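Structures incoming, each one as structure tokens.
What follows is chain A paired twice: with chain B in the first complex and chain C in the second.
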Partner chain A sequence: MNIARKYGSLIYVVPAALITTVFVYYPLLLNFIYSFYEFSAISPGKVFVGWSNFKELLHDEAALISLLNNVKYILISVFFQVILSFIIAAILEDRFFRKVSPFLRVLYFVPVLLSVTIVAFIFQFFYDPVNGLINQSLAAVGLDSWRQPWLGSSDTAIYAVIAISQWQSMGYTALLFIVSLQTIPKDLYEASSLEGASKVQQFFHITVPQSKEIILVVLIVTVAQSFTVFGEPYILTGGGPGYSSSVLATYLYENAFNQDRMGYASSIAVVVFFLTMAVLAVQLKISKTGERS
Partner chain B sequence: MNFQLDTIKSDKNVPRPDSHVDDGRFSLNGLLSRAGYTATSFFLVLYAIVVIYPLFWTIINSLKSTQEIYTSSWSLPTTWEFGNYVEAWNGGVSSYFLNSFIVSTSSVLITIYVSALCAYGLLKYRGKGANALLLFLIGGLLVSPEVSVVPLYELMQVTRFHDTYLALIVPYVAYRLPITILLIRAYFLTIPKDLDEAAYIDGYNSMQIFHKIYLPLSKTILITAGVLTAYYTWNEFLFAIIFIDSDSLKTIPSGLMAFRDALQTNWGVLLAGLVISATPLIVAFMFLQRSFIRGMVSGSVKG
Partner chain C sequence: MSNKKTSINIILAATTLVTGIASAEDIELDLFHRWPNEPIRSFIADRVAEFERQNPGITVNIDQVLNDSYKDKLRVILGSSNAPDVFFSWSGEFGNNLVRNGTVRSLEGFLEEDQQWLEDNILLSQVDPFEYEGEVYGLPWQMNGKALFYNLDAFNDVGLDLPDTYQDILASCDTFRENGYIPVVFSSKEHWAISHWVGTFNERLVSPSVIETDYQRESGRFTDPGYVRALEELEHMVTQCANDFPNATDHSTERSMFIAGRAAMNFLEYGEIRYLEEDADFAWDSTNFPPFEDGKGNQNTMQGAPEGYMIAEKSEHPEAAYKLVKFLTSGETARQSTAVTGFISPAVGAVTPETASENQVAAAEQIAEADGMHLWLDNALDIRIVNTYMNGVQLMLDGQMTPSEVMADVQEAAAEVREVASR
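So, the complex of A and B:
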């Protein structure tokens, strides 16, 4: 009876444990194994090739470009989705904007609700070299020389793609910041304005230090998402022209499903896995040091 | 995770410090801060325009003929082509809509029920390795779906899920379980123990306690978790393009790709299709704003 009561409750855990094991952990493990093989989706045979996929990856220029594009994604996303979005959240929480801020919060959040396909299609119209609104606006204000085939030029394609992600995701991180800013005790601000501190001083001396934790969380989420981004570049440019706007996830997809090099794609996935793990390890380290101090 | 979510809409009632700089009519500080507020207001309006204009443009142009989108995409339509919406709906969007609805609803119901069961089991389990078990169940949070697409693709072929609704529902459930278990478990921990002891004495078995006490008491968090799952499944893109081949089974994010290719240059209809596809989540957000925000916030604070 006692044992039945003690272990009987495990029965409730079984469905979740089973699904997680079969569809999350087992594929993850298989992926590591597959990265040492060469195989195609059509033929059943798999050939063991040792480290050769990884050796090839080291000298693969397209893989390097993809990785660097992920890094560009990270740098720009951190600026817009962490720094700028935090400033916007702080502005919206200022008492001066109290009347408009509920409305603006919702407005800024709308892009978050759209599927990546919708957003990509809308901006494809805007980026159109001839009829697109961006080039037409530039022409209208006399900046003809700035006109670009935004998605068609290997100089601008990746930035045009990254820009869309910022447009879509800033409202999300701003929301996370707003919710956290509302927990900062109000008397901190009262005391400092009695001492004559300006809004900017308050921002740097109260708002930022009080928000360390949420800034770290949003930073980690943003970086992790930038390492795994797929939809935007896939739909807008397919990684092109050439590989100029390719990221690791689109390069993985390209190898797996267009070139049918499943083993090589698995080795790219292993790299993505370790990159995201490294980010999480950094998070763990920082939040632990934070606890100690 | 101690965010005060209830304050998000009620900041009118929260007294804020009246800064002295604001009312100093003759001071330099006052002038500076007024200029500062003008500049920030300008910035907020500019950002609002950047956000809203593309959406406004899409709606306006979804009511034009293709010809007019080319010649005058900035202006209002000369003739309002509401027929674009009918054509988009009949030309495939209705089927993507239905597929998204089926996949999302099934994924949400299964995810929530399996997670709640699991959270309940974790709560009751007092044996060895309880912590390890918890870590195992929520460890999936650290695995991004991109990493496993190759083996998953193969697994979908082997299980014959490929190109059926199950090819989406099962992976969606699997990848949403960890965060949902975490959310529901945190809530279950706050339910007083004496409640189920009383029910136990009344002759309820543990399954009945789960269904008649835990589930009803946890409605709020179940809705929050459900909204979060629905948001994810409605917009998921990677699995949707890899695991489904048949046009008749595609969900909105992947279906719109096929829809565009089939239309070639019928832009008005395409834009109408985009507007239709965007509407459900925006409407849902308007009605379930609080659950959405709570879900988004707790969903981001991984681990």
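So, the complex of A and C:
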């Protein structure tokens, strides 16, 4: 009876632990091992090369460009999907916008329902240098000199790709924020109003502190997604021109499946893993999550 | 009652026996190719259905993925336990790489017995590119080439003769521009599309012996100044003659611009003739890419290569797989193929006025008139060199790199490939 009580809970834990081990931790471990080998998907054997893949990675200019593009992705995404999205959520939750809020929430959320592939194809038409909506609109208002090969110039390609992610993801993060904002007690706002607090003061002294947990969650998700983003740059530019819009995931894919360098691709995956973990650890440390004040 | 029971038992036993025999003979083949688009997809499906009809007991499952994704997926799937029995492959380095890694079955054993069939059915010159170290690993089902297509109405409109040389093309560009035409429509968004231009320019400007050495994994150095010159010429041609924003333009857009009559010249594959026949409202013609007046390379070779089918080493039914390859590359399939798919077939006597359009017959003649074929650059070189090369050209056209810088990177990539090849 005691044994059953003691170990009974394992029945609930073991299946999940087993599935996670087989499908997450085991492949992760294999990836670490593979990063010390050189092999192709079709080669019969693997050659142990020690740290050579990581040493090459340190001097790989394309990998550095890809990493910097991921950093750009993170910075811009944090601004739009966390900061701006939070502000939008706060505005939509304000009494002043109550009537139009449901409509706007749906409007902002619609892009989330579309698959990345469809969105990327739609934006390809927008960005088309000759017949695209953007360049045609610029030409229509006499701004011909502003026309750009948005996806075809190494100066603009990565930003054009990042812009799409923001357009698609802001509605989702705003919705998460709205749900969280709705749990903040209304009497806090009423009391502060009686004390003469302005909307801006309420935002910084009530809304932000009360939403710390959800902000952290969205921040972690946004940063992690920015580090692992693949679909948008792969479909829109394939990482080009050159490697100007390449990110670590597309560079990893190119090495694995295009250049057939599985070991090197594994070493990139290891770097992505540690970078993501490091950012997560820093975020958790700074925010001291779980210690709700 | 007893008799009835016995009869039922006999029937059941006989059924089991027959089913057992049939299932022992049943063979399931997997065919993997790169045409999910019509009409080729349906054509292959129809031919496979005919093959199944002619070969009872053999069932063929077909899977297909488009071009670049096909290359990626094939490499992975051939290394897995689910390798297809028969698969499409390009000749040249793409196929050689698969052979080197032991994923492709040699056809020598089959062809020894079928030598006469081979000679009677397929142009042997189109089988050679499937050879690796003296053994044949694939059979061609289409031969393709790249040619310069002219909008004859545009030339008549501006009063210019067709160019005899590359320099004539450059000289005509201002006139076309003044008359509202894009002289040469060009796209560089996709690596393979750029590689066709670079491959042709290399072929015209670099000595054949140098190219032969450099295109080998073991000996490639790319130090000949002709390679830099080729990129300089390409950069010059794009600046002077091509449309705006080539890095943002893909090949299908490029072709559409030509078909819409907005351009005077377009570098297209013969396999694309059917698009022109269906949609172009102007008179057009094609020719092998014109010679460079001062080029040190071959001036009358044509870029292109046969493409065909191979059998996976892991296939459990190589005999049946060979039957399928033979069927897909046979004269019977070929005669229908040219008419339906627009591919120029390498089968003997397959491209005739009876089976193909006038333009396709002319294309086959142009291939025959060329002083030989040189492989698509992206299939001739190791993929590492191709990526470095084409990324560099994209950046060169974007003003971020010079031709010399691109070639310096290519030389570095070639050194890495030499090192890998020497292991």
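Quick notes on this structure:
What we mean here is this: the second predicted complex is superposed on the first by the 265 of 293 C-alpha atoms of A that agree within 3 Å, B and C clash if a C-alpha of one lies under 4 Å from a C-alpha of the other, contacts with A are read in each partner's own complex, and residues count from 1 in each chain.
Here, contacts are C-beta pairs under 8 Å (C-beta built on N, C-alpha and C of every residue); 3 or more make two chains touch, one makes a residue touch a chain.
Remember, predicted model here, so these are calculated numbers, not experimental data.
Look at A:Val221: by the touch rule set out above, it reaches chain B but stays clear of chain C.
When the two structures are aligned on the shared chain, A:Val141 is found in touch with neither chain B nor chain C. Contacts of A:Asn258 after superposition on the shared chain: chain C is touched, whereas chain B is not. Of the two partner chains, chain B is the only one touched by A:Phe230; chain C is not.
In the overlay built on the shared chain, the residue A:Tyr127 is in contact with chain C alone; chain B does not reach it. More chain A residues lie in contact with B than with the other chain of the pair chain B and chain C.
With both structures placed on the common chain, the touch criterion links A:Asn31 to chain B but leaves chain C unconnected.
By the touch criterion stated above, A:Gly152 is placed in contact with chain C alone, chain B being left untouched.
Judged by the touch definition given at the top, the superposed model places A:Thr183 against chain B, while chain C stays out of reach. Applying the stated contact rule after C-alpha superposition, one finds that A:Leu58 touches neither chain B nor chain C.
The contact surfaces that chain B and chain C form on chain A in the two complexes overlap at residues 41, 257.
The residues of chain B lying in touch with chain A in their complex are 2-5, 7-9, 11-12, 14-22, 29, 33, 36-37, 40-41, 43-44, 47-48, 50-52, 54-55, 57-58, 61, 70, 73-74, 114-115, 117-118, 120-127, 133, 136-137, 139-140, 142-144, 146-155, 170-171, 173-175, 177-178, 181, 206, 210, 231, 234-235, 237-238, 242, 252-254, 256-257, 260, 267, 270, 274, 277-278, 281-282, 285, 289, 293, 296-297, 300-303. Looking at the complex, you find that chain A touches chain B at residues 6-13, 15-17, 19-20, 22-28, 30-31, 34, 41, 88, 91-93, 95-98, 100-102, 104, 106-111, 113-118, 121-123, 125-126, 131, 133, 136, 167, 171-172, 175-176, 178-180, 182-183, 186, 189-190, 193-194, 196, 198-199, 217-218, 220-221, 224, 228, 230-231, 234-235, 249, 252-253, 256-257, 262, 265-266, 269-270, 272-273, 276-277, 280.
Put simply, chain A touches chain C in their complex at residues 40-44, 47, 127-130, 149-154, 238, 240-244, 254, 257-260. Listed in rising order, the residues of chain C touching chain A in the complex are 71-73, 75-76, 78-79, 97-98, 101-103, 188-190, 243-249, 253, 383-384, 387, 391-392, 394-395, 397-398, 400-401, 423.
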